[in-house]
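The following pair of complexes shares a single chain, chain A, combined with chain B in the former and chain C in the latter.
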Partner chain A sequence: MKLHAKITRSLFIQILHDLARPHPFALERVVFVSFRPADLRDGILLLANNLHTIRDDDYERNDNVGAMLGSGAFRMALQFAYNNPVSMFHIHKHDHSGIPRDSLVDRESSVQFVPDFWKVRPRFPHGTIILSKDSMSGLTWLPNMRRPIPISRFTIVGTPIIEVYDGKHSIAAAEFSRPRQ
Partner chain B sequence: MVSTRSQRQSFLGPDSEKVLSSGVVVIVGLCGGGSHIAQLLAHIGVDNYKIVDPDFVDDPNLNRMVGSTPNDAIEKRPKVEVIRDLILRIRPAANIEMFATKWQENHLPLRSCTAVFGCVDSFASRNELEAYCRRFLIPYIDIGMDVHELASGRYMISGQVIASIPGQPCMKCMGVLTEERISQEAQRYGDAGDRPQVIWPNGVLASTAVGMFVSLLTPWDKQSELVPFIEYDGNSPTLKPSSVIAILDKECKHYPIPKGLGDPMWNGIASDFLKQANALQREAD
Partner chain C sequence: MSFTDTDLLGLRRICPEASFLCETKKQYVHLPVLKVPISGVTTDIEGLLCPGEHSGYPTRLFLSQKVPGKGQNWTDHTILGKTWRTWSWKDVPASLSLTEILLGHLTALR
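Right after this comes the complex of A and B.
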């Protein structure tokens, strides 16, 4: 089963800008992005449709992680998924080049919050996406699956078109990390 | 590093060969415009094709369908087979999926492609194909040409190439697709007879469309913005950016995102699908 995620360039730029904003105390930011799923012949297509910014007040102080979301952030994302037929993805950025991998903390927190989205939007895929300076990777949880499935292809749709296959981007890294407005 | 085969196009970028090779293109309509596009894409090194056309080769196609022969017309070979053979002569390892149907009957393969080239005859077909591409965030490159008979008895050749990128202006924003044109076309349906078509304007337009595709995938001139709407005057003969571009909004009003994405009826992963995915994981374990 293949998972292919598409994001328009303008939404991708908004995500990058939002994640780059300094926070009063958290070391990094997180956003939620909702996707409309659709069938592919051999998998699922995820079409990004909205950025859900997390308010400064919805972060909690925690010295062990770069960003700890409070219940208000999850409530906002859950409410959106409840009201709309969408998959929700938690997105953050690692400050390095190359294929980003989820850390132990990332994986543990994903396993906790992803199933909550099935309570409000069952039978939809939900998951996490991690960006790096020049690449991206994602994991998708499907209901009752033993393990998450990696997103094998990302397409940033715009001018230029950027395709990322299994973490390997298709054009110059500078285009990816500093997209033109 | 690029291979010797691609060394004359190495200015497209060090990764350009890989980028072009891994792109997946759909060509809808394989006669005058689509056949040219297939040939050009094969030469620049695209390796993945989904080619769509329900028709077979007939005598009147031979004046403009690149790769077609009188024998193809005698045998009434499906156009998809002729174009497959054309691509494979240039690019023997290419992956080609053929759909000798209307695209609507095999639309799922379009959804995950890098770009769709639309080489269709009517405004209504363009409208339908562009709407589908917008719904699934597919960059759509459209070419079209017409030969008009003027009152003076002269003929005028005109055409256009349009890059319709989701989130950016569409063919309705550009004034190419209007309700008036679509309804006039529907009223004329069946009256017009065979419309005149010739090979050289198709060649010009197809080359321009492939140039747009290359710029989208490997933006080789960082100083230039993609020109999304290029007009062709076959009498002068000239290609020029449409004057409409100057007055276009940056965003599309007709297909606004986030509305209208995906399958309206999609309501969860099918249980068969989940069973299959679970079985695959068990096998891997």
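Right after this comes the complex of A and C.
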């Protein structure tokens, strides 16, 4: 099964800007982005439709991780998924170049929180996306499947179109990390 | 319908201290710290979820305080020796999961 995520350039810029904002105590930021899923002949197309910014006071202090989301952040994301037919994706950024991989902490936490979205929006895929300075990767959990499936293709829809296949992008890194409006 | 500790697990993502309480054979879920956005600020409010029939509604969510400008026809109820406030919000059935019941009621406060 192939998973293809599409994000408009304007939304992608908003995501980058939000993740780059300093936080009073957290070392990094997280956002949720909702996607509308659609069946493809050989997989699923995920169309990004909304950025869900996390309020400063919905982060919790925790010296063991770069960013710890509190219950208010999850309530907001779960509430949106409850009220709208969407797939929810947790997005954060690793400050390096190359294909970003989930850390042990990333994987352990996503295994715990992703299934909670099925309690409010069952039968939809949900997951996580990690950005780097010049690439991105994602994992999608599907109902009734124990292991997540990697997102094999990302498309940033705009001018120029940016395609990321298996972590390798089609244009210069500078364009990826600082796309012009 | 009676909920079990397993049903609480998902709800604890929203309220980590959620626990069951009982009064006159009714099951409640105590939510000591429920984060509710009020006028753009996340505010901690104590909540009490009744995941079964209460006062003519299939399920109800009681709060320790009113949310200004949100919800309609607020009424006071004394439960477990404490006064709780709730608003008129129907059509959140008891057949849903605890998380869905809670979010169904919080929909009115968005």
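As a convention for this text, the second predicted complex is superposed on the first by the 181 of 181 C-alpha atoms of A that agree within 3 Å, B and C clash if a C-alpha of one lies under 4 Å from a C-alpha of the other, contacts with A are read in each partner's own complex, and residues count from 1 in each chain.
Convention: a contact is a pair of C-beta atoms (placed from the backbone, for glycine too) under 8 Å apart; a residue touches a chain by one contact, two chains touch by 3 or more.
Note that the coordinates shown come from a computational prediction; the quantities given were computed from them, not determined experimentally.
Superposition of the two structures on chain A shows chain C fitting alongside chain B with no clash. Judged by the touch definition given at the top, the superposed model places A:R36 against chain B, while chain C stays out of reach. In the superposition on chain A, A:R21 makes contact with neither chain B nor chain C.
Of the two partners, chain B and chain C, it is B that touches more residues of chain A.
Within the superposed three-chain model, A:T8 lies in touch with chain B and out of touch with chain C [touch as defined at top]. Contacts of A:V120 after superposition: chain C is touched, whereas chain B is not reached.
By the touch criterion defined above, A:R61 lies against neither chain B nor chain C after alignment on the C-alpha atoms of chain A.
Computed from Cα centres after superposition, the angle at chain A between chain B and chain C reads 120 degrees (steps of 10). By the touch criterion defined above, A:N49 reaches chain B but does not reach chain C.
After superposing the two complexes on chain A, the shortest C-alpha to C-alpha distance between chain B and chain C comes to 17 Å. Chain A meets chain B in the complex at residues 1-2, 4, 6, 8-11, 34, 36-41, 44-45, 47, 49-50, 85, 122-125, 142-147, 149, 153, 155, 157-161, 163, 165, 170-172, 175.
Those residues of chain A lying in contact with chain C across their complex are 55, 57-58, 70-72, 74-76, 78-79, 82-83, 113, 116, 119-120. Considering their complex, residues 13, 15, 18-19, 22-23, 108-109, 111-112, 114-115, 136-139, 163, 165-168, 215-219, 225-226, 251, 257-258, 261-263, 266-270, 273-274, 276-278, 280-282, 285 of chain B touch chain A.
Listing the residues of chain C that touch chain A in their complex gives 10, 13-16, 33, 35, 37, 41-42, 97, 99-100, 103-104, 106-107, 110.
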